[in-house]
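After this come two complexes, each holding subunit A, first together with subunit B and then together with subunit C.
And now, the complex of A and B:
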């Protein structure tokens, strides 16, 4: 295995790790808030679950990019392609948008989500507005995901 | 489309009021609003208290037997049965209420007895009546408790200070005991005992042997337990009557709704004000005529400052999608109804985000079954129907992109999304641009309706030309036409957008509004999320297929692979549904509605028969 391949694998791992940490932290925040509200108003569980799950998508995006890199460099089929240093760094950089933006946007989205959960607790009919507010934050994770995917597909092996 | 409404004013005699309200409620077409001097009907607060009590009872039953499941059908009831409160059901409710109270009393008694027993328990081994535990002429008697850990050092102290102990039972604090010592060194002995942790506790205030008293308590507890079982049995029988209680709850709710009607009354007459759908004028008149002929009613067009409630009437496909709009905000009664345009876009975009034939099939089965078995109603029912319709578009885009449970069983009709992300991205943007254009056209329609043809053309339609031009500039054969369109459009905006300003501000207004181009372009870029979401659900499905494929090869592996398939795809479907629902709603709310929608409408809530728990036959 070349150093280039290892650098690419580090990139893929970071995409899964950082975005995963962000989502785990984010869902923890929204989950705590939702649990507090459900203790008082059990009927809101369904509405709150949607908001609670929103910061969970960044982890999936990171996972997704990691898998695509693994497919591209043959890590899944077992025939790992020996990459040059340049190719390795190119994969590494391609993973960074979703790794970093995924980590931060999940946490920020969760903070908006907590506010949306409290709003829903006071005014259950406003839950769709709360979901939309939290979903606005996700736009930037989606853009980062797109950049990462397009870059990964663009690298010729 | 938005249904025209009329303002209704009704005058009638007070003696007909009860009956009139009843038949208006049965007719269910009149929304009565409060005015400055109106007040609710007689018995309003009693009705609301009664409803509250029934709800409490129902909550109590639901707590003890669990709520009705989402898929269990509700009881079916005739409309007329809900219009009055059934006294027999009311009796049933008070029976349940009495049982509830009796059960509560029983529990309280039981816990009091248990506390009593706990206090006596350590004293049971005492074989002297409690009242005889007194100092004798020469011996002092103490009672108390010693921590278990100090028991061993007690023996040594007994020797040293010459006292004797009678150990009793054990409690939370330690071993209870009676301590005897000669009176002349009683102080010294008790000091010594205290030094190892002896704490004086007076014996329970009872007479006779503690053993007998405890037996008495146990007998009482048994009686209570039997009582509780009997109460629970009758409770179980009553919970079978939950359907009846739910009917009662809806009857009382209907009763309360009628009594909360706001009317202005004089000595002999009363007046109702409200709103009705214009076409229902005759139905309402007939309803009133069936009761009395002493009435005056007027139906008027809403005036400028009136805020009529909004009723939308659409075909069977569009209607469920109204819930998506209503969650954002109801349309204003005077603007164009966004639903007929929004529904097909929502349907198309949702399907593109799922983009899998297999998942479309699963959705159709899942939501079809929920509708068939659970008969969901209201907003939730609409949402389920939206998801059912979207299963078709999901399957359609699955065929287009050749995705079947994440595998490619058949070649794609268009192109494979994973291998050709750029063409898919372009497709998303083009669809997005068309979506936004349809929003601009609706904005233009709103402008025309208000007689503002300049606003329609210069603020909305011209942008369609500019954005189409910018799009054409990227296509080689059309780039020349494109740049002409974009430049001409930009010139029009520059010259007209500041038309309401004065002097030099006419031009600066134009320049400022030209800056909107960045907003419109970022709106269109926002549709790239369609590709990202479709890719993410496609790749996750592919990964689960890959994982399942890896473990296959033996019988055990085959079973494991089935687990991976089922759990993986169910998880992916759930996450995909959440993302597609949230993000296709967002594209409507922000990108589409942002172009034209004001949405300050309020709901039309006519006085009718309300059913929270039952279905009408």
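And now, the complex of A and C:
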């Protein structure tokens, strides 16, 4: 295995790890707030579950980018491609948008999500507005995912 | 059992706090007859578990007890939330020390719901058993007893207890990164000192007599406060406009200079303190909502007492500042 290949694998791993950490932390925050509200108003469980799940998507995006990189470098088929240093760094850099934006946007989305959960607790009919507010933070995770995917597909192996 | 998470605590509280009594509800309470008012309170779920649901004091006691139990259950930082209960301990300590000074029973005047049990404080004052109390408190009891023996002045006993309580609060907060609690108690210390200054001016005290009455932890230095004994009343506000609570102090003192009513000054400061607590209402990752709920329920209890007292006295109601 070349150093270039190892650098590409580190990039893929970081995409999955950082975005995954952000999502786990985010879902933890929204989950705690939702649990608090549901303890008093069990009928709100369905509405709050959607908001709680929102920060979980960044982890999926990171996982997706990591899988695409692994497929491209042959890590899944067992025929690992010997990448040059330049190719390795190119994969590493391509993974960074979703790794970093995924980590941060999941945390910020969770904070908005907690506010939306409390708004729903006070006014259950406003849950759709709360979901929309929290979902808007997702835009930037989606943009980062797109950039990562386009960069990964643009690398010639 | 304390929770480890503010989002959980504040999530639960956001639902429970909706049951707090609004000023509109209290207005209806004030307009109703006594029996109807008690029924209104009971129907609103106030004071559930009270031994005698027809006695308003029992309803209030039950509601405050339920509130403290809930706060203990929810708070991730019991050692800080405890500081917000010390007002009751200060009252109990002062009562016990003064009762001992004048050799009268204190039982009827003791209040439940402090950070330390009434039995513990009684044991400390009456039997000298202070090992279960913080060192600051133990020292204060000793000092207050010595002050009482020397001067026989109950005012100095109260001041000794107040100083010990604030010293304990700021010692407890020293290693904590809790900006909300620090700001709250610092503002409260400033307000307490300004009120002491106003009393001292009215009684024409010298600086030497005012100094022992001042508590630590505020942003206004004790020197500045004692210097203000000589400042013309119209300039007091601008002289004491120091730190974060400065504008509120200036506003309260301006109102006071117009009315000359110390009760009004206290109400203005209570309003400013409650406003600060309200600012923390939406901080879902901090203790603001928990403290707001605790202090809000206490304010609500004061309002209910005022309403029922005014029914007895057949006088107009002036409600204290509410949280909800």
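Here are some notes:
One rule holds in what follows: the second predicted complex is superposed on the first by the 157 of 157 C-alpha atoms of A that agree within 3 Å, B and C clash if a C-alpha of one lies under 4 Å from a C-alpha of the other, contacts with A are read in each partner's own complex, and residues count from 1 in each chain.
Quick note on the criterion: a contact is a pair of C-beta atoms (placed from the backbone, for glycine too) under 8 Å apart; a residue touches a chain by one contact, two chains touch by 3 or more.
Note that this is a predicted model, so its numbers are computed, not measured.
Partners subunit B and subunit C fit side by side in the overlay (superposition on subunit A).
In the superposition on chain A, A:67 makes contact with subunit B only, while subunit C stays out of contact range. Of the two partner chains, subunit B is the only one that A:132 touches; subunit C does not reach it.
Residue contacts after overlaying the shared chain place A:143 against subunit B, while subunit C stays out of touching range.
Legend: residue contacts after superposition of the two complexes on their common chain; A:54 is shown touching subunit B, with no touch to subunit C. Seen from the CA centre of subunit A, subunit B and subunit C lie at an angle of 60° in the overlaid model, rounded to the nearest 10. In the superposed pair of complexes, A:34 makes contact with subunit C only, with no contact to subunit B. Contacts of A:114 after superposition on the shared chain: subunit C is touched, whereas subunit B is not.
By the touch criterion stated above, A:122 is placed in contact with subunit C alone, subunit B being left untouched. Here the smallest spacing between CA atoms of subunit B and those of subunit C, following superposition, is 11 Å. Within the complex, the subunit B residues that touch subunit A are 327-328, 421-422, 425, 525-526, 528-529, 531-533, 535-536, 539-540, 543, 546, 575, 578-579, 581-583, 585-586, 589-590. If you check the complex, the residues on subunit A that touch subunit C are 29-30, 32-37, 39-41, 111, 114-115, 117-118, 121-122. Chain contact summary for the complex, subunit A toward subunit B: residues 50, 53-54, 56-57, 60-61, 63-64, 67-68, 76, 127-129, 131-132, 135-136, 138-139, 142-143, 145-146, 149-150, 153. The touching residues of subunit C, counted against subunit A in their complex, run 5, 7-16, 18, 282, 284-285.
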